[in-house]
Every structure is written in C-alpha cells, then in structure tokens.
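Got some structures for you, see below.
Here come two complexes built around chain A, the first alongside chain B, the second alongside chain C.
Then we have the complex of A and B:
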C-alpha cells in the first residue's frame, strides 16, 4: 500500500474510533462546563442506545434470569439500523430530560461527591437491570447490510464502508449540535454558563431551561453513540463504563465546555489508540492514559480549555 | 421545666448526669475506640458465624477485617477530607500483586509481604495523587478512575508476563509467620475459643492496628485540617495552609491503608486476581464506605460487614443482590447521607438526649 494510502487508512480508522468517544464526550463536557456536574449515569445513555437500539434495529434476546422467570422471550422490531439511529436519540433525549429533572436537579445544591455517588449508583442500577433482563453475556449487534462491504476511494485505496458511515453520521450530528449552540439563544445561555455560571445567575437569566435542553442533547448524542458503537465495541453490561472512561479522558485532554475541545480531544485519543493498535497492540489501551497524564502535567486545563474561575 | 425537676431532686439528677458525663468522657477517649475494636474481634466471630444461612467458616470473618481496613482508609479520604476516589483498586490490587510477587521471588513471610505491599501502595499513591490533584474538585473522581483503569490494562497487557494477565497471579507462596509460626496453628483452651488460630490473630491484629492508626490520625491536629478541608477548602487556604499538600498526604495515607489490606488479601487468598485492579473493585469500596457511613471509623467497618455478608451469603438466596444493592446505595446517598452507622448514631444520641433530659 502506498504511503498516502496508509496515511488515509490510519486517518479513517482514527476518525471512526474517535467518533464514538466524541459523541459520548460532548454531553459530559457540557454538563461539566455549565453545571459542574459529573455525570457517571451518562454511560447509562450509551447503554440505552446499545440495547434499545439493538431491539429496534434487529432483535433483543432476553436471557437474563428475571426475564426467564417471567417468560420474556425475544423482542425485536427488526426495523433496521437507520430506524434505530433515528429513534434512539429521541428516546435518550427524553431520558436525559427526565434525568436532569429528577436526578441531577435535586443534587445541584448538594456536595460534588454526592452528585457523583448518585449518578454512579444509577449507572450500577441500569447495568444490573440489563444483566437481570437481557443477561450478562456478549450479544452480537451486526452491521447493517448496506455497510457490510468496502468502498473504493480511487487511488487512495479501499475502505470499510461501515467506518465511513460512522464518520459521516458523527460529523452530521456534531455539526448540528455545534451550530445549535453557536447560533441560538439556548446555545448563547449555555456558552455564557460555561464561561461563568454564577454571573449568568446574577444577571437574572433563568438558565434552567437551557440546561435542561442541553442535558437532553448530550444524552441524545450518547444514545446515538450507542447505536453507532454497538457493532464496533462489545455488547455487554460493563461496556457503559468501558466507553465512559475514554470519554472522560477526551474531556480532560480537550478541555471542558466546548464542542471543539471534545472533537480535538477525541481525535487525539483516537489517534493514539489506533496508532498503538497498529504498532504495539499490547499497549493500545494504556497509551491513552499516558496521553492524558502528559496533558495534565503540561496543560492542566486541557488543550482547548480555559482556566476555570472557581478552582 | 428541666430546671425545676433538677431543683426538686438534686441528688438523683446530678447522679445520672454525672454518670452520663463520665460515659461521654470515656467515649471520647482514644483508648475507648481501640478497646472497642479489641472487644469486637473477640465477640464478632461468635455472633457472625451464627447468623442465618452462614455455615460457620472463619475465612469470611477474616476477609471482613481485610476489607474493613481498606474501607477505613478510604473513609479517611472520602469522609474526612471530602475527596472521592474512583481508583482505589490501584492500591488494593497493586499492593496485592507486589506482595504476591515478593512472596514468589524473594520471601513469603507475611509481615514482610504486608510491608512490601504498603510501600508499593504509598509509591503508587504519590504518583497518581500528584497527577489526579492537578485538577481540583470534581476532576479528582474522573482522574482517579482513569488512572485506575490504566493500571488494570497495564497488568492485563504489557505486564502480563509478570502478573499472569487474565489468569491472575498464581505463584503466591506463604511462609510461616516470622519464619517459624505456621499460620494454621490453632490455640488451645480459652485462647482457642477467643482467638482461634494464628492467621485469625494476624488479620484481626492488623484490623485493630488500623482502627488505632485511623483514630490517631483523625484526632491529630493534622487530621483536623483534613476535616477542615472537607468543610471549607477556601477558608483553609485563607489560613495560609497548603491545601494541595494536605490532600496529597490524605490520599497517600488512604493508599497506605489500602496497601496493608491488599497485602493481607494476598496472604488470605494466596492468589491475586486481575479483577482486583478493575473499576468494579474501586466501586465496591465506594459502596461499602458510603453504605456504612462516611466520616466515622466504625461506619466503614459496618459497611464491610454488611457488604461481604450479602455478597457471600445472601447472593446465593437472592440472585439480583447487585441490583438490590445498587438501589439501596442510591437510597442511602439520596436520603441518608450518614449511612447505616449514621442511623445507629442518631438512635444513640436520641437515647442519650432522653437520658440526660435535654433535647439538644
């Protein structure tokens, strides 16, 4: 393969891996930036995306002990991948609104540690519910048929059309959210809240609704990440945390509160992971932490981050 | 009202008040907690091994002491300093591997193994502490979680040849205590009833030591600053104290407790599972400490008892104990932040208030 070809190959694989991390990280980053809220339960949205998405796209087999004891068999709408991709963000958007209203909001005035603990507890409950109903074993989330093959990009070589599809879907979603935050009033309030949440409150802007909406959007993206990531990562109850940790690293590396930061952080993390996978596979899951450690030592606020007022 | 009663029966009232005051003074003493811990390790197995569904083996009692040491150390960080770490599996697992490797390659004397484990945990805590405290507040939980997972993947992949990778480390060889006293040697007579065997004395002894050390730390001026940081970090900074350094020390101390516990666990299990480094272990110690009650010495102990009882005994009866545990955890965080011990403590102080006749 030519040099250009292998560079493009590396870039495409990096973009595909980064896509999923970026989709999960945006929601985390915004809630961290505006609400100073660490949301472990964000991983539950990814899980909802994977499992409900599997049920919508194909079929979900209920093999958990509880499901078996009440005689729940297989449930599948078999509507296909695109239907899942369209429906899941709406469902997880709604779940996100519920979570903001009934879980996050009562805890805004409580200590940080309580917020983290309660969202961790909710993630545990969701994970164990999945184990109880669907079962703990790994499921297959097969790629849609239209993306199973490869596409030839002329002289640049031939690439998996699935990877290109992931990149395309992510680009559209991220761009839409970026435009929404840059060019609407809700987005303005959110950006102001990231800069200085206290000042926004003092100016008499009721930021409750923008925060609610942005919480929902973040959850919607995480749900979409679940649909996209289902066929890429394994489908097990623990995958929520498995994706959450790299997404946290994306936020740490990129800096909090901006979509650009999440994209930059996500691309870096993805590049390190893919680069190591190609050259030193045993180190591939360790390298991203080393990257985060280096960024922390050199630029504690993250590459795109501004030093926060309250620290 | 109470003043009138006091004047009516001065002798009797001062008598009970005097007794209660003396009881309070006694409770406040450091030696009270330590004696309490000693009494606990003698009485606890007798009660615990007779609980329903328990088949009477001592191994679980020893395991509870080990986890309790881990939890006491974790609470020094969470309850007293207000820092939530999601990466404590690093110190537990890292020290367990260190103890295991030491026993396999150099010498398997239990006390030396615990020493090696503790030193390893301290070094790890220094490195991870410096990195994780780079960002304040909420980032601490994220960063400790991340670096915890890093150690897990290190042990699984690049260090797999040393750690045994996914299979865990199986080469642990335990020598007799101090080179001559076998861990399985049983005591005779009354000593046998109270202290069982050498291994029980080893684990229970470390538990009592951990309680004593924790009480000393919490009661010391240095420990008072930990608690001040939890209450109002800014004010401590205004006093001219280096908050960052105190946080790092709290983290390292907490890691040292986890190191002792991790080393003891290797002696107890004679095996190190790679899962000891996984985030679920970090989550377990969070759950144990919070369920038991943060900000006290005996809360985490109560948490360890409840958790291990449920995990090992009840889990056979109720298949979804983890689900139930998760729900219980959220309920405690939401409604009873002081945990199980907080409820016990609330009852105690109500009774105390009733006895002394004031409502305060």
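Then we have the complex of A and C:
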C-alpha cells in the first residue's frame, strides 16, 4: 500500500473508531460544561438506544429471569433500522428530559462525588434491569441489508460498509447539533451559560429551559450512538459501561462544554488507539489513558476547554 | 493408570524437555513430578470401598475444609457472570445448579452412574454457593477465597477464563480444598501451572492444534501463510504457540501473530492489518464475546473474500452470537448437544426441560465436573481431599457423552476426544437445537490427539503435595 493509501486508511480507521465515542461524549461534555453535572447515567441512554432500538428495528428477546417468571416473550416492531434511527433519538430525548428533572436537578448543587455516585448507580440499575428482563446473553443487532458486507476503496483498502455509514451518520448528527448551538437563541444561552452562568442569570435570561433542552439533545445523541453502535459489537448489558469510559476520556482530552472539543478529543483518542493497535498492540488499551494524563498535565481544561470567568 | 501415546510433534516437545532439564531447575521439577506420578493413584474406576465414614469421621485428620460440619456439603461454583466470558459462565451456572439438584434428587447422569445415588453424596445433602469472577483472575481468587473461608466449601469449580482457573487452582493447592476446572483451555492449566488439587476434563490448546492441523491443512491446501490474532493472556498465548507449532509442522508458515487485549470490543484495526499482511488464513484466537465480535467484524470487513478464517476454540453461545458469520469457519469444541449417544441425550433433555435451552459444551463440563467429583467422593467413601484426589487420578469413564476419557494421574489432564467443527450458514443453523456447525471429525484419543506424561505441556507439570504426606 502506498504512503498516501496508508495515511488515508489510517484516517478512515480512526474516524470509524472515534465516531461512537464522539456521539456519546458530546452529551457528557455539554451537561458537564453547562450544568456542571457529572452524568455517568448518560451511558444508560446508550443502552436504551441499543436495546429499544433493537426492539424497534427487529425483535427483542426477553430471556431474563424476571421476564421468564412473568411469561414475557419476544417483543419487536420489525420496522427496520432507519425507523429505529429516527425514533430512538426522540425517545432518549424524552428520557433525558425526565432524567434532568428528576435526577439531575436535585443534585445540581451537590458535590461532584454525590453526582457521580447517584448517576453511576442509576447506570448499574438500568444495566441490571436489562439483565433481569432481556437476559445476559449477547444479542445480535443485524446490520441493515443496505450496509452489510464490505466496500473496496481500491488502494485505500477494504472497509466495512457499516463502519463507513457510521462515519456519515455521526458527521450529520454532530453538524446538526453544532449548528443548533452556534446559530440559535437556545444555543447562545447555552454557550453563554457555559462561560458564566451567574452573569446569564443576572441578565435575566432563564437558562433552565435551554439547559433542559441541551440535556435532552445530549441524551438523544447517546441514544443514536446506541442504534449505530449496536450492529458493530455483541449486545450485552455491560456495553453501557464499556462505552462510558472512552467517552469520558474524550471529554477530558477535548475539554468540557465544547462540541468541537469532543470531536477533536474523540479523533485523538481514536488515533492513539488505532496507532497503538497497529504498532504496539499490547499497549493499545492503556494508551488512551496515557494521552488523557498528558493532556491533563499540559492543559488541565482540555484541548478546547472553556476556562470559566470566575476561575 | 493413564494410557499414553507417542505420536505427533514428539521431536519438538522432547527437545524442549531436554533443554529444560539441562537448565537445571526444571529438571528438579521433572523428578518431583515423576515422584507424584508413581505414588498414590489407586483409581481406575473399579468401584468404591464403601467405608461410609462420610465427611466427618475421625479416620482422617482435619485438612482444608474437611471434616464437614453438619449434614450438608457445600460446593462453590465460581464462574464469570460478567465480562467477556459471561455467556459461558451463565450456561455453566445453570449446569452446576442442575448437577446439585440431580445429586440430591436423582435425574440426568446421576441415574446412569453407578457410583451416584441421587440421595446426596456420601450421606450428605449437597448445597452450593455461587460467585462472579468477572472474567478476572484477581476477582476470581477473592471470590474463591470467600467461598473457602466463609462458606466452608468442600470443593469449588469454575472457569473460564484460563487465567481465573489457574488463579483458583493455585488457591486450591494452598488451602487444600479441591478445585474442579471447568472451561479452561490453556496449556498451562495442566502444564507449568498444574496442581495436585486441580483436575481438568477440558482439552487444551495443544490438543486443539493436534486435532485441527491435519484436517484444516488438507481442506485449505499446502504451504499456506497464516496470521494470528490472539487474546493477550495465558490462554491466547498458548493457543497461538500451539497453532504455530502444529500448523508449521504441517508445512504452513506463520507471517505474524498479534496480541489483542482481553475484552477488546473493536477489532477493525487488527483485522485491517491482518488483511494487509497478504496471508491466506487468519486465526482468531479469541473466545466468548471477544470471539463473536472478532469473527463477525472480520466477516463484516470482507476478510473472508481474501482469507480463510479459523477459530481454534468454539462454543454454542459464541456461535449463536456470531450468527451466519461462522459459515465455513473451522474450529474445535469439546462436545455437542446433537451427538448421538445416550449420555448426551440424557443431559441435553434434562437441561432443556429445566431451562428451555440447549446446553453448550461449557455447561456439560460444569455438570460433568460436579458429578465426577461426587462420584469420586462416593468411591473414596469420604470427602477427605487426598483420598478423593487419589480416586480421581487415573480414573477412566465412558459415560460422559464424548467417548472414553481418562483423568491422567501425572498431570490431572483428561485425555479424550475432540470435535473438529465447521460453521454452517445462517440458513442451515438451527438455534433451537443448538445447531450452528457440522462435526467434521471426532478426533479421537489416542489416535489423533494426546501426548505422553513426559512431553507436551505435561513435561512442565509438577503437581505438588496431597497434603497428607
């Protein structure tokens, strides 16, 4: 393979690995930046995206102990993948609003440790509820037929069609959220609130509603990530925790409260992971932590992090 | 005594042993291991001595958790309920619970095995505790330690993974509490890390290499280049070594082998490199969720268009998760619920009746491990560990659904047949009956698989003390 081919191949591979991290990280980053809320339960939205998405697109088999004891069988709408991709963000947006109202809001003024404990607890509860109802067995979230198999890009290599589709879907979703935050009044309030929430309040702007909306949007993105990520990996209840850690590292590297930061952080994490897998595979699982540590030492607020006015 | 054979790859292993002996330290280990082979070992399945002293008589001194207090013997089932091997663990747990039920109330193999009564074991009712190893050696050891110290288990059993099994059997030796290995396929389990207090019915990577190499090379052709991705811990490392040893002996050439961290979700980069290598065959030395992820991602990435794929160790949950991706993929498994013999049918029916699903090979291992231990206790007439160990050593049986089996005395490795299988297409698969592949060959011991006590992994085994010396 030529040098150009290798570089482009590396870039495509990085984009494929980074896409899901970025989708999940954006919601985490925004809620941390605007609301100062550490929301580990965000990964529950990813889980909801995968499992409810599977039920909408195909069929969800309930084989868990509780499901068996109450005679719950298989449930599926069989509406196809695109329907799931359209419906899931709406459902998880709604779940996000509920979470903001009943979980996040009572903890806004509490210490970070309280927020981490309660949200991580919620993630574990959701995970175990899934195990109790759906079961621990891994499920297959079949790829849509139009994106099954591989595509040859000539000298650039052959890639999974679905991985390329994920890159496209991620790009569209991230761009849409970016434009929303950059060019709408809600987005303006959110950006202002990220930099100085107190001043926004003093100016008479009720930041509660924009923040609520942005919480929901972040949840919607995580749900969408679940739908697009479901067909890539075996579907088991632990995938929520599995995606949470790299997504959180993306926020650490990219900086809180910044969509661009999440994208940059996600790409860096992905590039380090892919680079190490190619050249030093035994270090590939620890390399991303080393990257996060270096970034924290050099730029504690992250590469694109917003330094608050009162700091 | 255990039978032995002299075939395959003998030169390699022999010279390796010689080198180790020359090095000195392993020479001393070999002598100790030989001493272990020569002493004790009365069992060849010739029935119990019927002294009826149960677990609490005064004939034997206290050792480990012997004698048992009360009239209930507690067993510990320590399996991965979370982590990459959780599906195998869940199926193992079902089978363990079924075994405990059958030991107390009859049913399944208990009704077929002369040593077992269906009314407890040696006069004791069987109870059990369970643990989650999280597919992690340290967690497994902690969980097993709790079982031994808090729950006073008289025997514990578990695995996968091999790392967890090796950690647990090390603890077993230290605490003089018997450990019956379940799903562990690393050569080290009954090789360099073998212990007197651990027994394994599962075959190992070395035997997989023996079974796979002649069949796969005949199927795919001579002189091919192969590339390996292997899970980066004891199991994956020994699979990688054994595949290289036996396939290079058949004239293939390993281009590269790359370690992948246990629990990796995304194999796309590794797979891309494998494809770029230009190799003809790709070995995916992964298991459980890792295995189903890597093989389905390989197929999704179009690898099959350029390379043949081999998954050295298969099982039903893994195949079910990978679905149609395993079409044409070769591998080995220890047992299949669709085998045509009575023990297989009896176990499969009992399991299906209880849980509504077809048992996997790890489930059969768990069931068999529990019942083999119980039968050894009955034959010994006591739970006293050294006597139970001596009953298990050299024991031969043929009512486990996979033909003749011998629990070898020298390394506690069972010599037995292995199934070489090839994945079916999605249309041909029948999940309801656990049918995901066709059995290409039942590679038999000693004709096709097996090795002597002084060769292969056994050459590195030093079992340790019985505890009553």
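The rule we apply is simple: the second predicted complex is superposed on the first by the 298 of 311 C-alpha atoms of A that agree within 3 Å, B and C clash if a C-alpha of one lies under 4 Å from a C-alpha of the other, contacts with A are read in each partner's own complex, and residues count from 1 in each chain.
We adopt the following convention: contacts are C-beta pairs under 8 Å (C-beta built on N, C-alpha and C of every residue); 3 or more make two chains touch, one makes a residue touch a chain.
Because the structure is a prediction, the values reported are computed rather than measured.
Visitor: So if we stack both complexes on chain A, do chain B and chain C clash, or do they fit?
Guide: clash
Visitor: Pick one for A:163: touches chain B only (first), chain C only (second), both, or neither.
Guide: Once the two structures are laid over each other on A, A:163 reaches chain C alone.
Visitor: Kindly classify A:282 by the partners it touches after superposition: chain B alone (first), chain C alone (second), both, or neither?
Guide: Once the two structures are laid over each other on A, A:282 reaches both partners.
Visitor: Touching A:112, do we find chain B (first), chain C (second), both, or neither?
Guide: In the superposition, A:112 touches chain B alone.
Visitor: Return first, second, both or neither, reflecting whether A:76 touches chain B, chain C, both chains, or no partner chain.
Guide: neither
Visitor: For A:124, decide between first (touching chain B), second (touching chain C), both and neither.
Guide: So A:124 only meets chain B here.
Visitor: What is the contact status of A:248 with respect to chain B (first) and chain C (second): first, second, both, or neither?
Guide: first
Visitor: What part of chain A is shared between its chain B contacts and its chain C contacts?
Guide: Common to the two interfaces on chain A: residues 238, 282, 284-285.
Visitor: Note which residues of chain A are touching chain B in the complex, please.
Guide: Interface residues on the chain A side: 32, 36, 38, 65-66, 106, 111-114, 116-118, 120-122, 124-125, 127-129, 131-132, 238, 241, 245, 248-249, 251-252, 282-286, 289-290, 292-293, 296-297, 300-301, 311.
Visitor: Can you list the residues on chain C that touch chain A in the complex?
Guide: 81-83, 86-87, 90, 232, 258-261, 263-266, 268-270, 272-273, 275-276, 289, 292-293, 296-297, 300-302, 305-306, 317, 320-323, 356
Visitor: Within their complex, state which residues of chain B touch chain A.
Guide: Residue positions touching the partner: 78, 82-84, 86, 131, 134-139, 141-143, 145-147, 149-150, 153-154, 156-158, 160, 279-280, 283, 286, 290, 319-320, 322-323, 325-327, 329-330, 333-334, 337.
Visitor: In their complex, what parts of chain A are in touch with chain C?
Guide: Of all residues in chain A, those touching chain C are 1, 9, 13, 16-17, 68, 136-140, 142-143, 148-152, 157-160, 162-163, 232-234, 236, 238-239, 242, 273-274, 277-278, 281-282, 284-285.
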